[in-house]
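The following blocks contain the structures, represented as C-alpha cells.
Okay, so chain A shows up in both of these, paired with chain B first and chain C after.
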Partner chain A sequence: MAEQPILEVENLHVDFALHTGTVSAVKGVSFSLSKGETLALVGESGSGKSVTALSILQLLPPVARYPQGSIRYDGQEMLGARPGTLQTIRGNRVAMVFQEPMTSLNPLQTVEQQVAEVLTEHRGMDRKEARARVLELFRLVGIPDAERRLSAYPHELSGGQRQRVMIAMALACEPDVLIADEPTTALDVTIQAQIMALLKDLKQRFGMAMLFITHDLGIVHHFADRVCVMRLGEVVEQGSTREVFANPQHPYTRELLDAEPHGHKEPPPEDAPVLLEARDVKVWFPIRGGWFSRVTGHVKAVDRISLTLREGQTLGIVGESGSGKSTLGKAILKLLDSDGRIRFEGAAIDGLSPLQMKPLRRKMQVVFQDPFGSLSPRMTIGEVIAEGLKVHEPLMSARQREAAVIQALEEVAIDPGLRNRYPHEFSGGQRQRIAIARAMVLKPKFLLLDEPTSALDRSVQVKVVDLLKALQRKYGLTYLFISHDLAVVRAMADEVIVMQHGRVVEHGRAEQIFHHPRQDYTRQLLAASFDLELTDGARVA
Partner chain B sequence: MLSYAFKRLAQSIPTLFIVITISFFLMRLAPGGPFDGERKLPPEIEANILAAYNLDKPLYWQFFDYLGGILQGDFGPSFKYKDFTVSDLIWAGFPVSLELGMWAMLLGVVFGVSIGCYAALKQNTRLDYLMMGGAMAGIAIPNFVMAPILTLVFGVYLSWLPVGGWDSGAVANKVLPVIALALPQIAYIARMTRGSMIEVMGSHFIRTARAKGLSERKVVRRHALKSALLPVVSYLGPATAGIITGSVVIEQIFGIPGIGRYFVQAALNRDYTLVMGTVVFYGALIILFNLVVDLIYGLLDPQIRYDD
Partner chain C sequence: MRRLVRNRATMVSLILLALIVLASFLGPVLLGTEIDDVYWDYMGGPPTWDGQHWFGTDSNGRDLLIRTLYGGQISLTVALVATFVSLIIGVTYGAISGYVGGRTDNLMMRFVDILYSLPFMFLVILMMVVFGRSILLIYIAIGAVEWLDMARIVRGQTLALKRREFVAAAHALGVSDTGILLRHIVPNAVGPVIVYVTLTVPKVILLESFLSFLGLGVQEPMTSWGVLISEGTASMESAPWMLFFPALFLAVTLFCLNFIGDGLRDALDPKTR
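Up next, the complex of A and B:
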C-alpha cells in the first residue's frame, strides 16, 4: 500500500492558550496516510488524538496555536493556509465525520438541505440535481425509506441514522481522505457494528484513504491497515496493525492491549439465602395529551420482570439504550414508583413509604454511571462520604466518622490524605472509586451498579472491575450490575438478564448466555461486541 | 396548533381574572377618591354623586358589577373625563401608543440584533467591550433619566427636535420618545444576541458547517443566525411588556396623548374605571402577544410541536 502519501503530518505541535496558561495537547506527532489506506489513531482520553484530527482541517477553536510542524494534503500546506484554500479542501477533498451525531447536525434545517449544501457549494449543482444526488447518497449509506427522510429534521432521526446522514454528507463529493473521529462511540453496539461495516464497504468502493480516531482496539483490529498509538500528546508506537497487535513494542501499547476486562465470576452456593426478590415489576410511564392532559397511552419502560438475587451473587443486566435496564434498577431500589412485588431480606418492601425505606437504604446502595455529575461539586470528598453516616448513624462522633471515611478511602485505594479535596481535582476513575467508597462506608449488603464503568477508559475500567470484585469477595456483597458493555458484564456477573424494549429477552447463567445464547437478539449483541466482522451487512431494526 | 392556541386563550381567562381582582382592590386601598377636591363638597351632593356611580354600594357589589360590565365589553364611564366612556379614551389613545411602541420595538430588534451579532463575532476585542459597555449603561439608566437628557441635548441645546408635544403626529415629535423607549430594548437585545451567538458559534453543528467548506460569512448567515435569534424571539413577549410600561413614563414626560398618559393621570385622580380599563386592556394585550410569540417560535424551531 506504500504509495505516495496523500496526507502528511510532520512534527505537529498544538497548544491551547487558556487564561490559566498554555497547555500543550499535541507534542511532535508525525504520520502519513497513503491513498486507499486506513490509519487508526488510538489512545485514551486526553491523548490528543481528536485534537490532531481536528487540526488537519483547521477546525479547532481560535485558542489553539500551532507553534511548530506541518500538515500537508497532496503537498499543500494546511497550517496557516488562506481561508479560501481551506474552504476548497474542506468537505470536498478531505471530509470529516464527528463523534457527536446528536449535535453535529443543524437542528433547524432538514437533512436534505444540509447534505445538499455541500453539493451546491463544491459542485455548483442546482436544487434538483442536488436532491437527486442526496437521495442516491442516503440510499448508499442505508437510510431506510430514504425519500421520505429527505425532509426530516435531525431530531426526528435516531443516533445511528444521524450518523449515516453525517457520513452521506462527508461522502457527497467523493473525498480523497475521510477523517472519522470516534464515529461510533456515542452509538449502541449493534448500530456501531453496522456503521463500521458501512464505512469499510464505502471506503473500498470509493478508494478513499481513511484516518480513523478511536479508543476501541477491537475496531482497530478489524478495520485499520496501520495504527498509531498515542499517549499524552505523543505517538508512542506506529506500525502495521498486524505487527502492533502481535508484537507490541511499547509498554503502553501492551497495557492497552491487555486492558480487556478478564476473568469470570463463580456463582454463589446453591443454598445461599435469597437477598432480594422481585416479581412482575412494571414501570409504565403515562403519555399525556389533549385537553386537561388525559392519559392517552403508556411507555412500557419495564414490563413485568422478575428476578431473584442470592447473597454474594452478581446479576448482570445488559441491553441497549432505551431497553429499560436503568429504570428496572431504580424500581427495585424503590427510587422510582413501580407495580409488582419486591422483597428484601424476606420482607416485602413494595408498599413501604420513603420514610419506612430509610433504615433499609444503608443496606442497599447505588453507584451511578456519571462520575462527574453524581458527586456534589461543593462538598469535599470526605464530606460526600461522611454524609451517609450522618443520616444513618447520627450518634457517631466526628472522630469515628473520620476514621470510617479514612477506612473507606483506603478500601478503594485512594490516599485518605486527599479527603479534604473537591471532586473536580480527581480523574474519572478516581471519582468512580470515591463513589464506591461513598456507598461502601455504610457497609451495605446490596449494591446497584448502574453503568459504573461506562464513562471510563478501558485501562481504568479494568481496575474498577477488579476493585468491585475484590470488595465483593471480602464482604460477600450482592451486586445488580447494569451495563451495555458485554465485556465488562462477562467479567463481573455470574447470571445475566438480556433486556430489550422493557422485556426480558433471555435470562440465564453467564456462561450459558455468553457461550450458548438461545435468542437471536443475544447473538446479535454478542457478535456486535466481541466480533465485529460477524455482523457485516447485518441489519437490526 | 390551532387547538393549542385556543387552549392558551382559555388559560388566559383565569390570569386576566387575577389581574382584574388584584388591581381592583389595590386601587380601592389607595387613600382618597375620584371626587375629592381642594374644596370639600357638601355632604348631600357628594352622596348624590357617589350614588350615581354606585360608589355607595358595598365593595364586593361594585366588584361583581364591574366584572359583569367587562363580560359585556363595557368598561364603564370615566370619572374625570365627563361624557367619555373608558373605551372611548382607550381607543383614542391606543393608536398613538401603538405607533410609538411599534417603532421602539423595530429599532430595538434591528439595532439590538446587529450590535449583538457584531460584538459576538468580534468577541473580546475593544469594539466588543465598547459596545457591551454601552449596552450595560443602556440597561442601567432608567428611561425617566434618559428622556430628560435627550430632551436637554437635542431639544434645548441643539434645538434640532421639539422637546415635547405630539403635534398631530409630526415625525419630528416622535423621534425622541421613540429613541428613549427603544434604548433599553436595544441594549438588552444586544447583550442577549451576543451571548447566544457566542454559544451557537461554539456548537458542534457550526463545526460541521465549517468542515463542509463554507466561508465564515455563510456559516454565520445560513447556520448560526437563526439558532442565535431563537432566544431573542422568545424575549419579544417580555419586551412588549417592557415597552408598554416604558411608554407610561415616556408619554408623561413628552406630553404625548397616548394610553400611558391617561393611565398616569387616572391613577393620580383616582379615576377608578379608567385605571382598571387600561390595566385590563394592556393585560390582555401582553397575554395575546406572548401567545403570538410562542406560536412564531414554534414555526421557527422544528423541535417544538404544538400538537396538543
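Up next, the complex of A and C:
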C-alpha cells in the first residue's frame, strides 16, 4: 500500500469563532490516506474527529475558520477551494456516510429519488438510467426485495436498511474515498456487524480508500489498517493497527484500550429475601383503526414476563431496540400502565393509586439513559437533587436538605461547590453522576438503571459502572439493569434475561448466559458484540 | 435579575417604557389642560415650539399632546390587562390540556376550536347589547379571544416536554402532577411564551383601535392610540403630525416591549449565561 496518498491532511487547524470567543477544535492534525487503505480516526466525544472529517469536504458551518494547514485530495487543495470545484468532488470523488441514518435522509422523498439525485447531479444520467443504477446499487448493498424498496420512504425502512441506503448513495459514483462518520453507532449490535461486513466487502471490491471515524476500538481492531488516536483536537498516536493495539505508546491510548468494563458480580446468597417480584407482566398498546377508532389489534411491547429480584442482586435485561426492555422497566416502576402482578417487599403494588405509590417511590428509583434529557434544564443541580427530598421529607429544614445534597454529590464524586450550576454546564458523564445522586439522596433499596451508560464514552462508562458497583456494595442496593451493551451487562449483572419482541428468550445466571448460551438468538447477540473483539485474539476481555 | 440589568438594550427599553407610562398617567395632571379643551383660534394647527401645542392640534382644535397621553392610558391598560388575562388562562389551560392528554385534551382543544370559530365581532356586539357599552368589556372581550392562541402554543410545548426523561424522572421521584407542571413543564415552556406575549401586546393595541374605529370601543372625548392613529391616517396629507406623534408613541412602546421580551427570555434561560 505504498502508493501515493490520495488524501493528505497536513497540520490542520480548525477554530470556531463564537460570540464568546474562539474555540480551537482541531490543533495541528496530520495524516494521509493511500488508495485501498482504511484509516481509523479514534477518539472520544469532543476529540475533534468529526470536525476533521467534515472539514475534508468543507462541510462545516461558516463559523469554522482554518488558520493553518492544508487538505489535499489527489494533489488538489481543498481549503479555500471554489464552491464549484468542491461540488464536483463532494459525493462524486469523496463520499460520506453519516451516523444517524434517520436524520440524514430526507423524510419527504423516496429513497430512489435521493440516491438518483447523486447520479443525475454528477453523472448527468436521465431518470431511466438512474433507476437502473439505483437498483443495481441497492442489490449491491444487500437491500432485500430491492425493486419494491425503490419507492419506499425512509420511515418505512429499518435503521440498518436506511444505513444501507446511505451507503448506496455514497457508492453511487464509485468514489475514491469514503468517509464514514460513526456509521454503526446508532444501530443494534447484530445490524452493526452486518454493516461492517458490508463495508469491508465493498471496500475490497472497489479498492476505495476509507476514512473511518469511530469511538469503538473493537471495530477499529477488526477493520482498519492504520489508526490515528485523537484527543482534544490533537493526534496523540498514529500507526498500524497491529502495532498500536499490541504496543500502545501514549498513555491515553492505553487508557482507551483498557476502557472495557471488567470484573463480574458475585450473586447474593441464595436465601436473600425477595425484594421485587413480577408475574406475567403485560404491556399491550392498542392499535386503533377503522371507523370510530376501534381497537383492531395490539402491539405486544411486553408479553407475559416474570422475574424475581433478591436483595443485593443485579438482574441484567438485554435486547435490541424494540425488544420491550425499557417498557418492562417502566411497567415495573408503575410509570406505565400494565397488566400482571407486581410485588415489592412482599406487598402487591400493581393495584395501588398514584397517592398510595408515593411512599414507595423513594424506595424504588430510576436512572435514565440520556444524561441530557433527564435533568430539567432550568433547575440547578442542587434543586434537581433536592426535589425528591422536598416531596418525601417535607419537614426537613433547608439546611438539612442542603447537607443531604452535598453528601449525595460527594458520594458520586462531584464537587458540591458546583451545586448552583445548571445541567448544561456539565459533561455527559457528570450529568449521569448527578442523575445517580438524585436517586441516591433518597436512600432507595431498588434502582432501575435504564441504559445508564449507553450515551457515554467508553472510558466514562467504566467509571460510571465502577461507581454503581461501589454504591451497590456500600448500601446493599438491588439493581434492574437494562442495556443493549453486553460488555457492560457482563460486568454488572449476576443474572441475565435476554429479550426479543417483548418476550423472554433466555433467562439464567450471567456466566451461563455468557459462556453457555442455549438459544440461537443469544448466541447471535454474543457473536455480534464480542466476536469483533475476540477473533484476532489480542483483545483483553 | 442581575443578568437582565446587564443587557443594555433591555435596560434602555425598560427606562423608555417607564417614561412613557409615567407621562401617560402623570402628564395630564401636570399639564393642567383637559382632553376636551378646544382651541378655537388654532384648529388643525401644526406643532409649535412656544410651549402651547408641542404636538399641534387636531381638526377640532384639541391639543394633540394631551390627547396622545390620555390615549396612552387606554392603550397601555388594554395591552396590560388583556395580555395578562390571556397569559394566565392560556398557560394554565394549555399546560393542563397537554399534560393530561387523551380524551380530556381532545375535549379541551375542541372547546378552543369552537371559540375560535365564533366571529370575534359578533361576540363583542353581543356583549355590548347585553351589558351595555364600557371599556371594561373591551378588556374582557379581547382577553377572551387572545388566550386561545396562547393555550395552543403552551399545549404544543407541553406535549413535547412531557415525553422528556426529566419529567419521567420527576414522576419516579413521586412528585405530584401539579409539581411537575409548575416546576418542570411551565418553566421550560417559557421561551416561546415570552415571544408570543411580545407579539400579543401590539395585536391587542391594534384590536382595540379597530373596535374603537367601529364605534364599539372607547367613546369620545376619551381616546386611544389606535383611534388617534386612524384619525391621523385620514388626514395624513394635510396634517401629518396627527399621525406622526401617536404612531411614534406606539412604535416606541412596541420596540421596547420586544427588547424587554428578548432580554427576559435570555435572562431566564440558563444556557445563555
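General observations
Throughout what follows, the second predicted complex is superposed on the first by the 532 of 541 C-alpha atoms of A that agree within 3 Å, B and C clash if a C-alpha of one lies under 4 Å from a C-alpha of the other, contacts with A are read in each partner's own complex, and residues count from 1 in each chain.
Operating definition for what follows: a residue touches a chain if its C-beta (ideal position, glycine included) is under 8 Å from a C-beta of that chain, and two chains touch if they have at least 3 such contacts.
Computed from a predicted structure; not experimentally measured.
After overlaying the two complexes on the shared chain, residue contacts for A:Ile287 are found with neither chain B nor chain C. Within the superposed three-chain model, A:Leu59 lies in touch with chain B and out of touch with chain C [touch as defined at top].
Of the two partner chains placed by the overlay, neither chain B nor chain C lies in contact with A:Ala17. Of the two partner chains placed around the shared chain by superposition, neither chain B nor chain C is touched by A:Ala403. Once chain A of one complex is fitted onto chain A of the other, the partner contacts of A:Ala470 are absent, as it touches neither chain B nor chain C. In the superposition on chain A, contact of A:Glu100 is made with chain B only, not with chain C.
Of the two partner chains placed around the shared chain by superposition, chain C is the only one that A:His392 touches, whereas chain B remains out of contact. For the contact definition in use here, the chain B contact set and the chain C contact set of chain A share no residue.
By the touch criterion stated above, chain B contacts chain A in their complex at residues 7, 202-205, 207-216, 222-223, 226-227, 300-303, 307-308. Looking at the complex, you find that chain C touches chain A at residues 164-166, 168-176, 179, 183-184, 187-188, 190, 268-271, 273. Put simply, chain A touches chain C in their complex at residues 330, 333, 335, 357-359, 361-362, 364-366, 368-370, 373-380, 387-388, 391-392, 422, 424, 435, 438, 442, 448.
Across the complex, chain A meets chain B through its residues 57, 59, 61, 83, 86-92, 95-96, 98, 100, 103-109, 117-118, 121-122, 153, 155, 166, 169, 289-291.
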